[in-house]
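Each of the next two complexes has chain A plus one other chain: chain B in the first, chain C in the second.
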Partner chain A sequence: MTKPSVLWIEDSARFELRNLVGPLFFSGEYDFNLAEDVTSAMYLLRAKEYAGIIVDIRLPPGIDPEWRRHYRQSGYDKVHSQLGLKLLYWLLGKDRSIHPEAPPAWVKPAGVGVFTVESQPEIQKDLDALGITVFRQKAAGLPDTILLELIRELLNQARQA
Partner chain B sequence: MDGQAVREFVRHFDFLEMPIGVYVVAPDGRFLECNQPVRRLLGLPPQGAVEASISDFYAEPHLRTVLLQKAQAAEERGAFLEKEIIPFRVNGQAIFVEDYCKPLRDPATREIIGYIGCLVDVTAEQNKVDELTFDIGRVLHANTSTLLMAQQTLDGVAEALSHLALKDAIATPLEEMDDRLTKQADQLANAIDRLLQTIEPARRLQALPAAKWEELASHAALLRQVRDHVPVLEMRPPPLRRTAHQIGQTFQEISAGVLPRESIRQVQRAAEQLENTACLIDVLITRTAIVQMDATLRSLRDFITADVRKEEGKQRLSIKQLTEQAISHMAEFAKSSRVDIVRRDRDFDADVEGSERDLVRALSNLLHNAIKYSWRRDRTKSPWVTVRTYARDGMVCVEFENWGVPITQEEIDDGLIYRLGYRGKLSKDRGRLGTGIGLTDAKRTALAHRGDLTVTSRPASPGPPHPEDWEYYNQPFITTVTLCLPEWGKQRTAHS
Partner chain C sequence: MIGMPYDAIATFLVFLIGVPALVIQSLDAEIRRAVLKKPRALVVGVGWPIAAAMLIVAMGSLLLAAEPASAPVAVSTAPEPQAQIAAAVERLAAQADEDQRVQSQRERVWVAVTFLLTFLSVVAAVYIPNRFGQRDRVITDLKRVAQKSQQRARLNDDALTTLIELGEQSQPGEDKQLVLDALGELALGVRQDTAYRGDSLETLIEGLKNIFASDSPPGNPDNFRAAIGILQEIIMTPAARAESRSTDLFYAIRALSEVSRSALAHLQHPTEIERTLMVCAGWLQSATRLHPAATTEVSQALFEIGVAAMEKKQVLAATAALDALFSLVEANQPAKGELVADALGLASHFWTEGEAARGYVQVRLVAAKGELAQTWRQALGTAHKHCAQTMQFGTADKLAEMMADIPKR
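== the complex of A and B ==
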């Protein structure tokens, strides 16, 4: 049986958050991909359909000139540029002013979750506008199963949608 | 009024009408003139002559002499004293003023006949800075102790897990430990497979339900192909640790006498070994992060409090000793990062003038970056950072060179790397942490000492790929960061 594919777009996954992927691999339930910047995420989303996508808000741009332009315009600061949010507006809001390339048509809000250091009230307006309901804030004290739980919740929601 | 008339009006404008505190004092500090903002600020009579000296308001009277020396030194450089924060005391109240000042000279004799300047009340801003730096200092102090506790705890755990002295445990290359990890994962998979193949199904089901055996078979598959399933080295220990732990737990559930004791022991031993190695790698990676964080926090604290510390007089300093101090500060970080520091021109020495604390911090920051962004060149040799010192064109230079993470030309040309808080586009490479302060601080320190900081970053092997190619910045780069300072007693002729 084919495993559902999930994509985590997160630049701290390799090091600071590496323990979160332990339960995910251990479960053996998913075909897991990681993108560490927005350009890599775009390439992966272009190449393959994912059942679930987890996105961080503070992301580096990677090498794509358009994403680098957004980054430059925000003073080369990933905190203020919030490229994860821009990626979501491009993917779900189909906003071509963010990136001229057409976003993949298969991406739907029910299959997208946000996992970030921002608190929910800070970005609730954007989550509402994008139709995203699965959200977790990164904070000390979270169990190492948080990513797995988030993916399960997301895929469950996507199935019911 | 046309432009010419406005210019004529301005020419005769009374500078005491300026919307800022303006004063003129005699060489001994007696007020000759001052306007309303200065009178209000210092509680002087609103009208008439002022029978007071600016020196009377200095909270620390000796600072007046220091200030005048600075004003004269600035004049010699063709500049004037500006933004000098001075603690004043007015009617018993402590305030802070920002002074801009220059000497007034007799046009004929060039003798100083007074000083003219502007005063701005910056008490509120200064109090905020004091509070902030006090808070930051306190928080960072507390966190430093916590980091020390965490590091020492991890040292003990690393020794216990590795059965080695800490220095040997941290000297083992990560790639070598990863090889051991994958070998042990394979051994555990083999032990499970042997059990599955040699024990007949009916007997197996007496020991564990069918679902558990299926789970074990699926774990064995993951263990055997861990490098395919988890391609990123740093991410491998957590899933392997969890898998090994779970297998160990499962085998504890088996009642005695159902399966051959030796087969069970083989699986349990292999699971323990794997869990142990995975934990050890995790502990060592985390320990490196803590040591790195400690250096970053110290540097951050020093940087933030640099402007509010009592100014340390500039002294004549040996570049050899400054460099050695920086190397000694970074020795532990280099060791935990498994990077060697190679010192060239060890016997070279020359003197510079400056603040020892600021220069050591700047050099330490540069060395910290060079260590942090080094890649391993081959499996048999540790990566290294080369430190060179030399004199050229009246300047003394300390150069740090590393082989590893690139800095893009755009970031160098646009000066982005010197911007406070800016983190290099590729600086997250392989999980390196940072704050974006090191180069900003080093550049400011160099300029404050009338020196400079230069950065170059070029591919280690010239030729393709081209800078526009995806692969270009995936290759190793040689990055050279050079801090140059004027050599004591020598006139600078050119800057290379």
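== the complex of A and C ==
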């Protein structure tokens, strides 16, 4: 049986990256990819199916003109543009007004989690609309194994769905 | 020409010739080289203010030449001396009036000429530094010319080469980044063209590699990230996917390995690039889903990046490369050949790194045991032979060490 593939879409894990990703590699349980912007995430989602996708809400657009347009319209500010949320609406809501390309059909809400600095109440309405139930807020004091735990929870949920 | 303000005109001409000369002299060497490579554009850009100045002076001179000469004053024929004196006085007065009129006409013309020359000098003083003295303008011009190829989904090699040379000679940081951004936009334009068949970007890919070659000023982390990003996108581009033997794909994989290793070799603090290399390993592995024919190239690139990362103690990047290699082994069961040699070769670097790294890799090796076409001993022997044959003697020695250790465990 092949290892489940997991994609983490995250641009700002600079200092804690080794601590967060180290346990994941050490476990040897997952085929792990990291995308640093929305365009990169799209490329990877085109290339293969992932059992789990973890998305940050604040993401840079990358080089794709359509994502750059959203970013420009929000005043070149990744906090306000919330491209992660737009990506989720494109992926799960199949909203082609966000990006004209067809989203991959295999992405289901049960296989998608959110790991972000926004608090849950701030985006709960969107999470409900998208059917996402796995959420963690990035905050001080999180254990180094948080990403591994999040992935395990997500894949467990996806299996049960 | 009587009345022509030679001093003022000479001053303006010296200014109009001097401004471009000063601007070109004050450019950074690499920008000056790029500007001088396009002599026609330079002559036109620098020459038109001088030509316009000469035209203005010529028009002023023509205006004066076309001006009717002072009307001759009639000589008096009166016999009386008083009348003759009065007539002479009148004649002199008329002559003086006429001279005054001509003089003021000349003054008006030269004032207009001087005003126009002043205006032209101001325009030239703004235009020439803006046109030739700004790095981003020079790069934008080169990019525009590079896009003007006679064929679709192709680039003008001449302008592209000049742009790449500019990137090679530019200082790390913002200067290099401007060129890299332009190259990224050129690559994107070609990749988005429906006529793209995966074989148009060889010069650009080679150029990206050369920009970070050892004899160029090395880039900063952002520069390396930008180059790696461009290459990653070429690898993942749909047009290249359609062509199973896309040459751009293979060039891009090799260039990705070289640029990544260059980043590890050149950066004083390679930790800044560790994350990018980790991402790069994931992309390379994912690319084999799109291009299974490229698995050997990808595994070699992962091996090279992993070994370079281990040598620089960038364990996260090295681990990501090893993890990607084992995922490839898993996806290509029963795995054999260079893929296994690369995976075991990189594993041997972990094996000889210390107890903790050895423990980590041992778990991975045990998990991968059933995924190989050969037994461990055979696979290690094949990998050892492969590394020795390809002059990777250091890795071959580590594999020999690993082979010697394994029966003991």
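Assume the second predicted complex is superposed on the first by the 155 of 161 C-alpha atoms of A that agree within 3 Å, B and C clash if a C-alpha of one lies under 4 Å from a C-alpha of the other, contacts with A are read in each partner's own complex, and residues count from 1 in each chain.
Please note the rule applied: a residue touches a chain if its C-beta (ideal position, glycine included) is under 8 Å from a C-beta of that chain, and two chains touch if they have at least 3 such contacts.
Note that the structure is a prediction, hence the values are computed from the model and not measured.
Overlaying the two complexes via chain A brings chain B and chain C into a clash. Look at A:69: by the touch rule set out above, it reaches neither chain B nor chain C.
By the touch criterion defined above, A:3 reaches chain C but does not reach chain B.
By the touch criterion stated above, A:18 is placed in contact with chain B and with chain C alike.
With both structures placed on the common chain, the touch criterion links A:44 to chain C but leaves chain B unconnected. Of the two partner chains placed around the shared chain by superposition, chain B is the only one that A:60 touches, whereas chain C remains out of contact. When the two structures are aligned on the shared chain, A:144 is found in touch with chain B, with no touch to chain C.
In the superposition on chain A, contact of A:28 is made with both chain B and chain C. Of the two partner chains placed around the shared chain by superposition, neither chain B nor chain C is touched by A:94.
In the superposed three-chain arrangement, chain B is struck by just one stretch of chain C from 168-176, 240-248, 330-338 or 384-392, namely 168-176.
Note: residues 13-14, 18, 21-22, 25-26, 28, 34, 36, 63 of chain A belong to the chain B contact set and to the chain C contact set alike, using the contact criterion stated above. Interface residues of chain C, counted against chain A in their complex, comprise 184, 188, 229, 232-233, 236, 238, 274-276, 278-279, 282-283, 285-287, 289-290, 315-316, 319-320, 323, 326-327, 330-331, 360, 363-364, 367.
Remark: chain B residues 218-219, 222, 229-230, 232, 234-235, 237-239, 241-243, 246, 282, 285, 289, 416, 419, 421-423, 425, 428, 430-433, 470, 473 touch chain A in the complex. On chain A, the positions that touch chain C within their shared complex are 2-3, 13-14, 17-18, 21-22, 25-26, 28, 31-36, 39-40, 43-44, 46-48, 63.
By the touch criterion given at the top, residues 11-16, 18-26, 28, 34, 36, 60-61, 63, 76-78, 144 of chain A touch chain B in their complex.
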